[in-house]
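In the two complexes below, chain A is the common chain; its partner is chain B in one and chain C in the other.
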Partner chain A sequence: MTRETAVNTGLALLLVAFPLAAQAMGEPFYITLATRAAILALAAVGLNVALGLGGLVSFGHAAFFGLGGYAAGILSTHAFNAEPLFLGFEGTASMPWIWLVAAVLCGLVALPIGAISLRTAGVYFIMITLAFAQMIYYFAVSWPAYGGEDGLSIFVRDTFPGVNTALPLPFFLICYALLLGGLALFWLLRGSRFGAALEGARQNPVRLAAVGIAPFGIRLTAFVVSAMVTGVAGALFADLNKFVSPSMLSWQMSGELIVLIILGGKGRLFGPVAGAMLYVLIEYVLGGITERWQFFLGLVLLMVVLFARGGLLGLLAGKARHG
Partner chain B sequence: MSVELLIEQLLNGLQLGMMLFLMAAGLTLIFGVMGLINLAHGSLYMVGAFACAAVATATGSFWIGLVASIAAAAAAGALMEVVVIRRLYERDHLDQVLATFALILIFSEGTRWLFGSFPLYLNIPPLLQGAVPLPGGGRYQLYRLALIGVGGGVALGLYLLISRTRLGMRIRAGESDREMIAALGVDIRTLYTVVFALGAALAGLAGAMVGALQSVQVGMGEPALILAFVVIVIGGIGSIKGALFGAILVGVVDTMGRFLLPKVLALALPPAQAGAIGAAIASMLIYIVMALILALRPRGLFSAQA
Partner chain C sequence: MAEPVLEISDLRKSFGALKATDGVSLTLLPGEIHALIGPNGAGKSTLIHQISGSLKPDSGSIRFLGRDVGGLDMAGRARLGLGRSFQISSLMPEFSALRNVMLAVQARQGSSFRFLRPVTSDAGLTEPAMAMLERVGLAGRAGVPAAELSHGERRQLEIAVALALGPKAFLFDEPMAGMGPEGSRALTKFLDDLRREAPILLVEHDMEAVFALADRISVLVYGRIVATGTADDIRNDPEVRRAYLGETA
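Entry: the complex of A and B
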């Protein structure tokens, strides 16, 4: 077992042991904290497909996180009120269906956004993805049907067959299982022929094209897959908070998702997990000490970017093997 | 719909565009010369607004406040460049985004620390209060006209600075080949600090002037920053001419969209629905325009780097 595998296993066990211990000690609040970390980690695993593997710095992934959240909010509101959605479709409160809708919706939205954004590169790509996310953000703010600026409440957490999702621990385990699923997908993608092509597109698109693979399709696929995973995380996040609002679509959210990856270690399997755990920990510890915790988060982040370039995993498990 | 109202809205669009130009000019200059993407530019805008509001309240003079805003933003910019930004020129865009995102958190929370969470208010100076008659019978706020004038003046000043002065020559040389001008004996580190402070001063000036129209509060910089990004992406990053054109386009399209779209849709739809849909589309309109322009010209309209 390499050092990185050991660190990854340790992180995965730590993330599941923490809420189990909290349950044993009768402290459900800490389970919620771990759930938040798991969901943010899943969202960042999604972004890591585009950003870490593909080198596509999307500054607009909050769009997919928020769309996933709204998919959950809208479907369960319609189910709760027993109103048909449109064209004879019904709302649903069943999580697997909601995840499917969130993933498909995000994929469908990511397709045109990716197709236009990928015509550009570098700093243009950063800004155009940001602008698309803002477009969806302003739409959500000014569209009154689903709460507009005030957001949309989910009155009863959505259901999963055979599991009581209203209790914190079962809901955590669902999120944790999906996180492991997301990590497995990332690992499979990275090891596949597709992953090799994506890596090539990041390192040298001209050379990749010269061996007969067009980078555009590879990148677009990565962008769409990345959006779908982040969308599912958004649906979970809405269910965790029982609330969706345009703030899930905001540019700060996009920034936070990038922060998670960089804190943990860019392009590494467990980077987002380490980053999300560290982020939630910083938020909780600093937030308990001072109201001004974001000031210190800014300082920590600045130090990481300037001086600790490999992130937390870089410290724990040494340098990444490649790239 | 009267002609006066239409002219008034057009002028509002032009005024928004001119303020966006002040933000975008600094942003595009910094990107063009140093290759740096600076998210914290919105924080400098906020610093300018807060400095102006605080000094104007303390001294009773808007004009001293305005000078203070330029000085404070330029100083904050120079400090930011020397302490943090300087280390980022050789890094990739991702690191630049992250570090300047961290700077936003620090500046926003720091400002809240100093000034509290309540917005400050800044009054329009007595000299510029009141309205002037427009051709066609309407009246228009003098202060907004003054903002258009300042924007135009800055555009002209920047053009002269860049095309006619020694500093401008160095900036242009720095854009095309930084090693070469360093080899010719130009102190490139100081040049970068000066360019950064110049961009910061323009952002601070914009913040102070807009501060008299809106409330001065933490978080005011980011919406302006994102609009300025749209402007420089449309105009072509690194091009001042593109920034001016993009800013006016964004200002006018945004203002006219909000004004006209609900009215146009009301011809086909019931009024309540037309209002809601019109407002929703209008708020997305500039992003749609940007997507269209980038889909046709991926490097913007006046790209400086071919």
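Entry: the complex of A and C
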């Protein structure tokens, strides 16, 4: 077992042990914290495909996080009110269907956004992804049918066959399982031919083209997959809070996802997990002490960028190695 | 005369007022090494960029294997069989030497949209890639990231990557640059054999290598070809002596 595998295993066990202990001690609030970390981690695993593997700094991934959230909110509201959404279809409160809709919706939206944004690079790519996300944000704010600025409540948490999702621990386990699924997908992608081409597009796109692989299609595929994973996380986030609002679509949310990856270590399998755990920890511990906890988060981020470029994973497991 | 593999006609490219390529026509015939020489800034690399598709000419045509490739991008031309190396090594710095070559093997197999199977245990990639590294004498450094290879080793790796594409023509831009006399001699020997696999358009400053290898030499000065011929023709061409060899040759 390499050091990185050991660190990853440790993080995975820590993340599941924490809510189990909280359950044993009758402290459900801590289960919710762990659930929040798992969901944010999954969202960041999605972004890590584009940003970490592909070097595509999307500053608009909140668009997909939020769309996933609204997919959950809208489908379950219609199901709750038995109100047809279209063609007599009354939405659904079943999580697997909601996830599927969230993923497909985000993929379909990411396709044109990616196709346009990927014609640019560097800071222009960052700005254009931000612009698209802002368009969707303002659309949600100004669309009264689903709460507009006030957001949309999910009155009863959506369901999963055979699981009582209303209880914190089972819901955590669902989120945790999806996180592991997301990590498995990331791991497979990274090791595959597609992953090799994608990492090549990050390192040296001219060289990639010179061997006959056009970077555009590779990057676009990565962007779409990335958005789909983040979208599923968004659906879970809405179910966690039983609420979805335009703040999930905001540029602050996009920034937060990038921060998670930088904190944890970009391109690393468990970077987003480490980042999300640290983030939620700082948010909870310092947030309880001072309202200015974001200031301290900024300090931590500064330290990481200045002294520990590889993020938490870099510190714990050393430099990343490619076979 | 055999059909040329590569045929460039009246190619032109300006950067502002500078005519970097000023009506260049040349051919690359099967089995030959066609050397392109000329002083610094003559436009040699600019020509290679236009042939490989990383730079768009203002006018003129490039035919490869009997087909006009003007409408193809760099990746498309590479897939058709144009294998190039760069004047300044252009590799995947984080990937090991082996993975750099594996990427070229994968590209040649036309299979980059496979998402599940791990490449590192895929013998269909590792074996051909390793064979290429062996051919250029880099097998012992297969696991070393390209960024940590020596300058000379990176030049060798560039060649291995080009080989792995199994191209129908090679475009080499100063493959010997900075290699040292021993490395240059080994590479000269290597290129000598390589022409049997595919013809080579060779940009090179190392005159010893050029005169030893080239079936034909074209001399480029200020974006124009001032002479084309055999090594002896070029050595004795008065205009070349004046413009390029500076009467010292």
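The definition used in the following text is that the second predicted complex is superposed on the first by the 321 of 323 C-alpha atoms of A that agree within 3 Å, B and C clash if a C-alpha of one lies under 4 Å from a C-alpha of the other, contacts with A are read in each partner's own complex, and residues count from 1 in each chain.
One rule holds in what follows: a contact is a pair of C-beta atoms (placed from the backbone, for glycine too) under 8 Å apart; a residue touches a chain by one contact, two chains touch by 3 or more.
Since we're looking at a predicted model, the values are computed, not measured.
When the two complexes are overlaid on their common chain A, residue A:Gln203 makes contact with chain C while staying clear of chain B.
Once chain A of one complex is fitted onto chain A of the other, the partner contacts of A:Val211 are limited to chain C, with no touch recorded for chain B.
Contact with chain B, but none with chain C, is seen for A:Trp251 once the two complexes are overlaid on the shared chain. Contact with neither chain B nor chain C is seen for A:Leu286 once the two complexes are overlaid on the shared chain. Contacts of A:Leu20 after superposition: neither chain B nor chain C is touched.
The partner of chain A that touches more of its residues, comparing chain B with chain C, is B. Contacts from chain A toward chain C in the complex involve residues 188-189, 191-197, 199-200, 203-204, 206-215, 217-218, 221, 320, 322-323. Chain A makes touch with chain B in their complex at residues 51, 57, 59, 116, 119-120, 122-124, 126-128, 130-132, 134-135, 138-139, 141-144, 251, 255, 258-259, 262, 266, 292, 294-295, 297-299, 301-302, 305-306, 309. Every residue of chain C that touches chain A in the complex is listed here, in rising order: 52-54, 73-76, 78-79, 84, 86, 90-96, 98-99, 102-104, 106-108, 111-120, 122, 125, 143, 145, 161, 164-165. Chain B meets chain A in the complex at residues 31, 37, 84, 87, 93-95, 97-99, 101-106, 108-110, 112-113, 222, 226, 229-230, 232-233, 237, 276, 279-280, 283-284, 287-288, 290-291, 294-295, 298-300.
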